[in-house]
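Shared chain: chain A. Partners: chain B in the first complex, chain C in the second.
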Partner chain A sequence: MTVLLLVLAVCATLLAGVVLAALLDRALPELAGTLSRQRIETEAPDRMNRDLAPAFYLALAAVGLSVVPFAPGLALIDSPVGVVIWGTCEALTIIVVFLHGWSPNAPFPLIGAYRYAAIGLPVMLPSMFVLIAAALPAESLSLVAIVDSQREVWNVLRQPLGLPLFLVVALTLTLRGPMDFADAADIAGGTSAEDSGAGRALWQVARLAMLVSVSAVAATVFLGGPLGPVLPGPVWLWLKTAALMAVLVWLGNRVARTTPSRMLTILWVVLLPLSCADLVISGVVAL
Partner chain B sequence: MAVIGDTLAARAPAAVFAAIGPGRQAGTERLFARRDMRRASTPRDASILLVAGDIPSEASEALARVHDQIPPPRATVQWQGEDPDRIVARVMETLKDLRVSATGEENRLPDAPPNEWKGIGPHGQGGKGMMGGTPYGRPMAMTGPDIRDGLQLDRYSARIGPFAPMLPPGLTLEVTLQGDVICDVSIDSPPFAQPADADAPDLCLARVLRLLGLDRAADRVLGGKRPGALWVQGAISRGLGRIDGTDMRDRVAAWRKGEAAPLGPFDLPRLLIGAEWSEAMLILASLPPSALIRAARAPEAA
Partner chain C sequence: MTDLWVALLSLFAVWTGWRVFRVDSMVRASFSLMLSFIAVGAIGVLLSAPYIGVATVFMMAVEMMVMAIFMVMFMMNPAGLNPMVMVHQHRLSIGAGVVAALSLGAAVLFSRPPEDAVRAEADVVAELGHELLGPSMLIFETAGVTLLATMVGAVILSSRQGRFGAADEGSRPPGLSDGGAPAGRQPEGGGGHHHHHHHGGHG
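Up next is the complex of A and B:
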């Protein structure tokens, strides 16, 4: 019974979250407009990967969300290594975005795919460091335990570097604003440049679903997830997730995107050492 | 469900791919700052082809190709200098008609490769081994010296333009890329002539902002407001597109103050060779259209 409720909660959260994300992006009517157009094929596409890429992206968002506890001690996948499962979803997102750019057999999507792969690696490293740093006070890689460890003080206060760094990761995973190197304007929409009709709409929906999942994970790891007074746990999780989604959309619309090579330098030279420092400081504090 | 979809779709801004002709750059760019119009970054994302002005006959085949890339149902709207409100009304009307009709306009070109298949060499494509050659008339990548370290790396040549949204209207470049580094570029056709209004500081700034992923900031600038964006200057590397001692950052700073940024003559290909694709597009956007047109025409005159 509980499992059934949790499955429902994950599906409902994703669905409502996608609608909210589309509203925040002012993209809901546009999605409907895209759906009404036909899909046209490029010459000699990789059909299997073209069709699978959006489906996988959506699946990764769903799996990522299912490790998130909706109430203290209650997650659909209550794994002792929840952080690792989420990390897998992050890493596989790079593969999925690459396949999305690879499959149409066209130059601009392919440039977007390679750019994203180059940016993705140095983004995944800080992501793992800040997530492991958050796991240290909990002495566990389980997201349920990480929530429990925040009963007195949230990780956002205990490890102030963690959430800002994780927001960079979130912008990358959701192909948004300053970190959207896969679908940038200078390459005519990059990996999406050849998408039309239902395929395009599905890819956009998957992007929005990933926004929901990554915000929910950030809310769980840094903002205490379902912890909070008066209101029931799931409501707190939804409120925190929605707030983080709004922050990410705002950042995506307001922060300029630099060139890929410059961003690579920033990631390796600034963000990676910062995330290392976050891990070391959190480790010393947790001792 | 279908009813909800239709109602929502009816409220969507019109997704329009713009093919901009001579003299129409400023007007078209201002048209897309409106809330009810959205400039699609690729024909695949549009349902309307907006043809602004008279497209010269050299570009008519390219226009037909762009038209055929728009997914059905699709329609073309010609804009010959009518009032922007009237053209938006016509686009909306056309969209409404499209929702009723099943397919809209037919293809203008046959759906076939540009050339016949000619079987040459061991794999039939010409070239060496599995690389190079021109199957169906299209050049395949072939290794060549990397311009950064001299090692051998695939070179891919393509013609981009004249309606590519990241390039100025009319400009067609023949580029050779290694990864996304431009190792050779030549100008196939210069940008279409534009009157001085295309050099307006707000239009120039908006072009740069769109490339930086700041569409809403660009719309705000065209509406006479501040861009309200973070890290605009910082995102542009120092020294990018340096001409006569001023670089792109200086020009963007001038445009933000509402000042023009006039430029002396420069060698366009030399400015682009060695740059990565995204840098090259930023450099092009940092050149006022009048200066760019002069530079692109210079080799023709010589």
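Up next is the complex of A and C:
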């Protein structure tokens, strides 16, 4: 019974979250318009990967959301290694985006795919450091335990570097703003330059779904997830997730994108040492 | 039920492993291998090793992405889009394959797997951590530092910038025939003395 409710909660959260994200992005009319459009074929595409990439992206968002506890001690996938499962979803997202750009056999998607792989791989390192740092006070890799460890004080206060660094990861995973090296306008839409019709709509929906999942994970790891006074746990999680989604959409719209080579330098020379510092500070505090 | 899943996942792992050699692109081969490893990781989760299982999938996802990029670079196969054959040195590889299959099969048949089931209340992740940072610490730390040194060395060796100038300065591509003129485009002015290199923006 609980499992059924949790499955429903995950599906409802994804669905409502995608609608909210589309509203925040003002993308609803465009989405509806794409759905009815005819599909354009490229020359000799890898059909299997082209068709599967949006579905896998959506599936990764769903798996990522199902490790999130909706109430203290209550997650659909209550695994002792919940954080590692989420990390796996992050790593597989890079591959899905790469395959989405590689499969149409066309120049712009291909440039987007390789650019994204070059940026996405170094982003994995800060992501792992801040997630491990968040696991330190909980002495567990389980997201349920990480929520429990924030009863006194949220991780966002205990580890001030964690959330900002994780927001960079979130922007990368959702192909947004300063970290959108896959689907950016400067390469005519990148990996989705040749997308059209239902496939394009599904890819955009999957991007929005990933925004919901990554915000929910950030809310869980840094903002105490379902913890909060008066209101029930799920409502707190939804409120925090929605707030982080709005922050991510705002950041995506406000922060400019730099060149990939300069972004690589920023990632390796600035963000990676910062995330190391985050891990060291969190370790010392947790002792 | 677990037995059935392990059998199905093993079959999937073998099939995707076989696909690695049958597909016609390094990108497809890399990600077929990744699917094979994902199946192996799922078997690890079923065998009560959740950390090792999930971490296998995580590591392989990152590694296969890196491998796809490097293979495409080394194979001189533009972007991994041109069809190419994944096997070479047929006789040697058949021999090596048969020997490896026989010896691994013998190892499986003649070794005794542990028979004591994992206790239901065992905290396997914590126990693994204590093992890694306890009795096995020397092995894992040695392996870790060796890998790190290898990576740093590989980056230094492949870097164009160096203490004595650019790594490719004065290098000549080999000729198309024995002792022939260097292949590729010649620098303008026949490679004169006042050749200005423009060192690109590597950060």
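What we mean here is this: the second predicted complex is superposed on the first by the 287 of 287 C-alpha atoms of A that agree within 3 Å, B and C clash if a C-alpha of one lies under 4 Å from a C-alpha of the other, contacts with A are read in each partner's own complex, and residues count from 1 in each chain.
Operating definition for what follows: contacts are C-beta pairs under 8 Å (C-beta built on N, C-alpha and C of every residue); 3 or more make two chains touch, one makes a residue touch a chain.
All values reported here derive from a predicted model rather than from experimental measurement.
Colleague: Mind working out whether A:V153 is in touch with chain B, chain C, both or neither, as first, second, both or neither?
Modeller: neither
Colleague: Looking at the overlay, what does A:L141 touch: chain B (first), chain C (second), both, or neither?
Modeller: second
Colleague: Once the shared chain is lined up, is A:L99 touching chain B (first), chain C (second), both, or neither of them?
Modeller: A:L99 sits against chain C, while chain B stays out of touch.
Colleague: Considering only the touch criterion stated at the top, classify A:S261 as touching first (chain B), second (chain C), both, or neither.
Modeller: After superposition on chain A, A:S261 lies in contact with both partners, chain B and chain C.
Colleague: Touch test for A:R200: chain B only (first), chain C only (second), both, or neither?
Modeller: The first partner, chain B, only.
Colleague: After superposition on the shared chain, which partner residues are touched by A:T34: those of chain B (first), chain C (second), both, or neither?
Modeller: In the superposition, A:T34 contacts chain B only.
Colleague: With both complexes overlaid on chain A, does A:G189 touch chain B (first), chain C (second), both or neither?
Modeller: Only chain B is touched by A:G189; chain C is not.
Colleague: Which partner does A:Y114 contact after superposing on A: first (chain B), second (chain C), both, neither?
Modeller: Both partners, chain B and chain C.
Colleague: Could you tell me if A:D180 is touching chain B, chain C, both of them or neither one (first, second, both, neither)?
Modeller: It touches chain B, and chain C stays clear.
Colleague: In the three-chain superposition, say which chain, chain B or chain C, touches more residues of chain A.
Modeller: With both complexes superposed on chain A, more residues of chain A are touched by B.
Colleague: Can you list the residues of chain A that meet both chain B and chain C?
Modeller: In the superposed arrangement, which is not itself an observed complex, chain A uses residues 114, 261-262 for both chain B and chain C.
Colleague: Given the complex with chain C, which residues does chain A contribute to the contact?
Modeller: 46, 79-81, 84-85, 87-88, 91-92, 94-95, 98-99, 102, 105, 110, 114, 117-118, 120-121, 124, 140-141, 261-262, 264-265, 269
Colleague: Could you list, by residue number, the parts of chain C that touch chain A in their complex?
Modeller: 27-28, 31, 34, 50-51, 54-55, 57-58, 61-62, 64-66, 68-69, 79-81, 123-125, 201-203
Colleague: With touch defined as at the start, can you tell me which chain A residues reach chain B in the complex?
Modeller: On the chain A side, the touching residues are 28-40, 43, 107, 111, 114-115, 177-178, 180, 184-189, 192-197, 200, 252-262.
Colleague: Can you name the residues of chain B that touch chain A in the complex?
Modeller: On the chain B side, the touching residues are 4-6, 8-13, 15, 38, 41-42, 44-45, 47, 69, 71-73, 99, 113, 156, 158, 164-166, 177, 179-180, 209-214, 216-217, 228-232, 234-237, 276-279, 281-282.
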